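Notes for the one structure printed next.
Chain naming follows the written order as A, B, C and D, and within any one chain the residues start at number 1.
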């Protein structure tokens, strides 16, 4: 097996160019690649398109700012493709002020669109969103009497994912609900960087228990 | 957690009615639910539609007949929806003689159609088969300049899957390449019966390492 | 003269009674989460959380929180023996694929056609749909949980939603703090009423077409 | 006068030289499987097997076979440290998603448009496409591996396939036992020749439009 380069969070952040579509794992801060997010803020990342479940929890009163929230605050995103922004008033403010373009996607549709990109599918037919605003601008197809929306693949330039453990080849294992969008994003982007808590020798992970095969992972950041 | 009924292979076979679409896990005999297949032969199953990767290896000279091959030999299938029959001359004979209707589907398309059924998708857009006979009778869509075939979901009445280990709630863990189509078929059928080698107490399987969540499994057969 | 007093507990208590052992249930954030506290003894439901788990257990003791184990609201939870974790594609495969028996969601508006609006008040509040659109489109039974009246006194049950829909024609059951309704033939149908409210009071205070089911009785 | 003698080993040897360390490679059943034996020292490729594994190792010693560990041909194999297993949907996600660098397949016919036929001779032999259609449609580079001539002496490289296609316009490279060809602008282009064959002999014995690349040289 090939050993993958272990890089710093700052080096990971430097892989992103202005205008890139960045897919960020995590769900309301659980399973987010926090060291890399911090490095992206420090690097002054700008004009990115975010693909993420949400924009994190941002609560100034409580001093909480998790997931992509520090990046939102730093105005790193021109566009945000997410399912939920209810826990981040700053995202709502930027949206209402016209400072950023927020596109809401149903969570399951977001998952399938990312998976489709990673799996070489042009898209999927989902019943989710039929009869709602989500229909707008989309093809609607009827199969066996049921209506579906055609939802297209959503690829990215760089994926930042967070895993519990990696072996040096880049096989990843996630912990509990910190798994969420991480494994699918790892399939869908040109460059995939995994922030991990533990780095173990090749052979130390049971091959039946790998969540993300090593071939998807380009770089490893030790959190 | 709810404990799932443990039944005999014969009881499992009795869940199938004439005309049912039966999805059978396994890949050239590896990861096939062999006890149940034997019981289906003994029960004289007829007029079924088979959904499987292949029709098994059938080699009378070597005395090998694995995967669905014993059922093919017993003429249990009116229709076979499979990706490969090259290792079973009896399937080829039945097809050429017009005794059964064999529909060849690319392996990755078969996997996605089964997954779509289990995941509530009407279908997927795949580039596989464009420009070949597989196109026939299908909708072709162009997205961003690339052609795709619309491949529809393929649900089943009964899935027989084979796992290495189950807990009593029905959480499943597969072994090595015996995993193959088993996990996706377990999502796609009205009734799901898992043949397992080991049955352990609830709580004995690490929740991060479950391959098929218990809610998909209706009955357990101890091999 | 019956005075309306908001009572979220009765909503949660009634909803919990719909479940049978083995049912897979997804409870939304807020009021729906309370339903978990009222599942009758002897009934074992499996709670699914759309962020990627099955077998959701109670909140951990203070100090025992696990940063890698939260519910769909981002709050610390626990996992029961026999539970399991999966990624978001699998999670919504379970949901969209019809493997969830009941989903319980909060409401901004629900109407007599079974339409639900709960993710957006244009120009005012746009939290986003999160997993709600998939949950409503995919679950076998959709239960809308809501207080019966707004603070203003107007009915949350409408003839026609005016807010952007979360899903069209998907709501099966509405439980408010005055009664339990099904959605049938373009009408709400009162199936049970909760004292002190009476069917007459409920019909009068529902801003939609409503019928009282022949077997309508008091819930106890 | 050069006499044609079938030589499968040279095909496998040449193909193995295309790979760089880290490449993910899927080898079809039969001749393509032989390629694994000729990967140069110092080059580490990751073999993917479409039945659901990465990190395919050599065949086990006799008596050490594991019934749960086979390749896509149903034959016992081993797994290398750092390998992993996955289901068929993930396996073809890897393939269709462009994560396989090279796929090497056998041939019934291959033509100058990059069309490949290898799964069906109507009325005669219908093994089925198995994973071949996905592999050819999804892999970054498709290498067709074939002896140059049929037993009858006719060329396996055609102007136009007459058999049902496995995929249209997807073949990038053809390696036979006389040379290595790319498919370009509707022609085969001879890039290297294998002694004792010469470019002249090859052009003469190829039943398709063929050009000799300017830098064409002998493979050693």
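Definition applied: contacts are C-beta pairs under 8 Å (C-beta built on N, C-alpha and C of every residue); 3 or more make two chains touch, one makes a residue touch a chain.
On a predicted model such as this, the values are computed, not experimentally measured, just so you know.
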Check your understanding: Comparing B-C against B-D, which pair counts more contacting C-beta pairs?
Key -> B-D
Practice item. Please identify which chain has its centre, taken as the mean of its CA atoms, farthest from the centre of chain A. Key: D
Review point. Approximately how many whole Å separate the CA-defined centres of chain C and chain D?
Key: 56
Check your understanding: How many angstrom between the C-alpha centroids of chain D and chain B?
Key -> 29
Point to revise | For chain B paired with chain C, centre-to-centre distance based on mean C-alpha positions, whole Å | key: 36
Exercise for review: Measure off the straight-line distance from the CA centroid of chain A to the CA centroid of chain B, and report it in whole Å.
Suggested key: 32
Practice item. Would you mind listing the residues of chain A that make contact with two or more other chains? Key: 112, 115, 119-121, 126-127, 174-176, 179, 207-208
Point to revise | Sites on chain C at which at least two other chains make contact | key: 53, 79, 85-86, 89, 92, 95-96, 137-138
Check your understanding: If you go through all the chains, which pairs of them touch?
Key -> A-B, A-C, A-D, B-C, B-D
**Study point:** List of chain A residues in touch with chain C within their complex
**Key:** 27-31, 53-54, 57, 82-87, 92, 95, 102, 104, 106-112, 114-115, 126-134, 164, 174-184, 211
Check your understanding: In the complex formed with chain A, which residues of chain C make contact?
Key -> 49-53, 66-74, 79, 85-89, 91-92, 95-96, 115, 125-134, 137-138, 164-169
Point to revise | Residue numbers on chain B that touch chain A, as the complex places them | key: 112, 116, 119-127, 139, 141, 143, 146, 148, 150, 152, 173-176, 179, 207-209
**Study point:** Interface residues, chain B side, partner chain C - complex
**Key:** 1-2, 115, 117-121, 167, 169, 171, 187, 202-203, 205, 207-208, 210, 213-216
Review point. Which of the residues in chain D come into contact with chain A in the complex?
Key: 21-22, 24, 44, 46, 48, 53-55, 79-86, 89-90, 92-99, 137-138
